[in-house]
């Protein structure tokens, strides 16, 4: 079995910011299958389409999954209204997560806003070998900083308004790390498209590979409907549409063809 | 103001039979406007159309309304899943209730199954002047017997299978009352169509007027959409479609033209 | 506060929200909730030349995300409307639109003529009612039919004339163009799509009319698409409707090309819907820096 | 336990539930949940003569009670299907239906010919795809178009031929009759209704294709009505679909006139839907005293 559906009880719920929630669910056997960077597809009662949410934490001993999500529309608002003891139906775990490789290597994680959660579990095994740069709008929007610190990662924050950490972009921090001779061998990134593109350019300049987690509107979540297309480049240079839910959500940066 | 919408908190909830629920809600000012035989139109979140439910009890001192309903489909199932503390949105009070007239008269109330609840509040002011005949499938389906007894009404039960009270039809009981010289001056009835028709025939035979509460599928509940048609007879003998939500749900039996 | 006023076919509306025909009666029942001047206008229950009893019940039922109706144009007839309902309506401080339906072109013409000399602000030609045997939708599903009836009524109608289109067609753009070319001053769209439900217990159609018209949220994406397609074909204003239940839906239909909107089924879910929709619309306009609601019309930027 | 077996155009299905084209890929992803023999059949993702990349994203979005898709027939082409997907599919113990779409009648004919000499059990002619510029729906919205393409393909198709109808028409009955008269062995209906959503923040259509096809529960009453109307016009079996999400919906479509059913969008909500629908159907048949599911077909008793 690769994935399945299951009714999962909410064990913990916390509000992290004005619109971001943090829930831990009892996912039974689904938790055992989960890998960092994969996602769950959440049924919102009354809605036709499920909502994809990245797996932020996996506790195989407790059979739990942690999900951190932002209220963006009706579906996420409905999820945010649930409480401990309520159950949600998950289709999980879905997609291909990060290929972590040798966790003894020095690596860099770069997250922006609600793109931060999928990186947490991936950064864990790297401990202090991972530098983590997290970008937010402002101090009020910062999430999961302590969680990365608990991973033992070297955490830096950048905010657009300078209210916490570096006043500026995550890519400024990347350059600073470079200047400090923190020679990371790979970059793992998730966040808004403009940030991802900048991170990918920076990684290219440094000559290190980069894995990024992508988003796209989804229906099935398993690769059957071909809904969640993302343009990819084949080895031979040809282009084709792959699918975020099955071929991703994590892709090698060099395979992605950015449209628009 | 004749009617309005309001969010009403459920104060009490009880399960009366395998599929019938009894809830009391804090209806605020809406309770003050309510009269016996009127109904409320309940919003079921996620559904386009509200569900009409008769007012079973009115407590003007406590501002509460009592609703007794049976699970028949999705909407009522969703309502049955609510608990004390939850709120429901009511559009109320709607329609024309019973014209009780002089409550010193001897009258008869006849209810069948889920048609029983709308009679309870109407029978209250009549006390022992009211004979109440309630028909059910079986002993397990009996509801509100004690409530009518608390009204001081003379209550008789008929069941289809004889498991409680008279083994047979409510109209048998009507005949028995007649034989006992309980000379009722008016009949108030609510229940399935075949029962209503039989009760109306019996009342006609006895030469007493009869008011019946009718059901029809509804949309607006206030008389605007013309959805809930019921064929009525004009004084001049002509026929036309009146509307259950505005002209009823209580009609004089002699005005109703039974279709099918 | 942005400017919510719109003008359709020369008729000024204080805001773009109009009650859709058949869902609001002649306004009296909803006047319990708020003054009718809350609305930009009211499209009255469809009227016919003579009184009509309407269809036998059941006439309405729910569907996933919507409802079906087969009221069958129950109404007291045009003369009764003019004498009994219009005098009250015209005092409510809102635009009054008469929605007319007929069995024959002559019926439509006679009604348009009668209404021309009344206080009615606008006539809405209902050639899209799916719930009556004769008249209505058969005029509305071909270009020739739409053109013919519109042109005939145009000659008798001294009031601004709005033609209400049926969605039960393959190419709504050509239907809209036909109405425009025949002299319509505005288009309203969409009426209901024909649907059916069956009671699996009795194995009979739920509606006594067998089929009925689908309205409510389920219809929204169809309405958005059709308004967008029609807006590319005509210059006359479009009054958009079909499944609006939130202010966001209203914005979508405006962006798609509507100059004003009608709301119908949402009254049944929430009688206060227009108040909430207008409030949301106002805030959206302010937040997005639009000074007038009409700036939204047709502002969608297709790919 | 009632008999769930049905036969459509000579092809025996172990039960009447078929996965709808485009919602189930070539079956591999859902084989994770249950053996594909749980289903009566699978209508494969629409295939074309040559490989197609499909439309740029976004390709899907939600609507009230449903969804829109504009996948644009992304597929590896008929030869790849025959070589890579069919061998696996034919071993799954379920009926395999090839859904074909083309730009020209010749495309359709060549595909039908190629598939005639394969293990495919049935060919479904998709002349109703609204999401591609050329081909697809333009054949499906006129009687002449349907008749012409059906007749041409019929000559090349040695397999049972099912024609899939578009709901974007005024009179579905005459379209169904056209397919029958041109030699279709069965009809499947309905495909999606064309719809649109607009992102009110960006003021762009949500779908990169601007419009997309509406599917899901919202469609159910339209499907019931159309199947009922078509069933009155044709003798060939109808495979009904559109918005089935519960066993009750399945019963409605059977009563309306369907001999078998397809389910699509419901897989996205609940991958286990077919198991639950079959279970409910079975219990309904037992409770209602029907010994075979085919006894339900067309059993609605109209008023």
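Quick notes on this structure:
Going by the order they are written in, the chains are A, B, C and D; count residues from 1 in each one.
In the analysis below, contacts are C-beta pairs under 8 Å (C-beta built on N, C-alpha and C of every residue); 3 or more make two chains touch, one makes a residue touch a chain.
Quantities reported herein were computed from a predicted structural model and do not represent experimental measurements.
With steps allowed only between chains in touch, the distance from chain A over to chain C comes to 2. Of all chains, the one whose Cα centroid sits at the greatest distance from that of chain C is A.
Here the spacing of chain A and chain B, counted between their Cα centres, is 56 Å. With each centre defined as the average position of its C-alpha atoms, the distance from chain B to chain C rounds to 36 Å. With centres taken as mean Cα positions, chain D sits 46 Å from chain B. Each chain gets one centre point, the mean of its Cα atoms, and the points for chain C and chain D are 33 Å apart.
Chain D has residues 63, 65-66, 216-217 in contact with two or more other chains.
Partner chain C is touched in their complex by these residues of chain B: 1-5, 43, 47-50, 75, 91, 216-231, 239-241, 246, 259. On the chain D side of its complex with chain C, the touching residues are 63-66, 68, 141-142, 168-171, 193-198, 200, 203-205, 208-211, 214, 216-222, 224-225, 228, 243, 245, 248, 251-252, 255-256, 284, 299-303.
By the touch criterion given at the top, residues 22-25, 29-30, 32-33, 45, 53-63, 65-67, 69, 71, 74, 206, 216-217, 265, 267-272 of chain D touch chain A in their complex.
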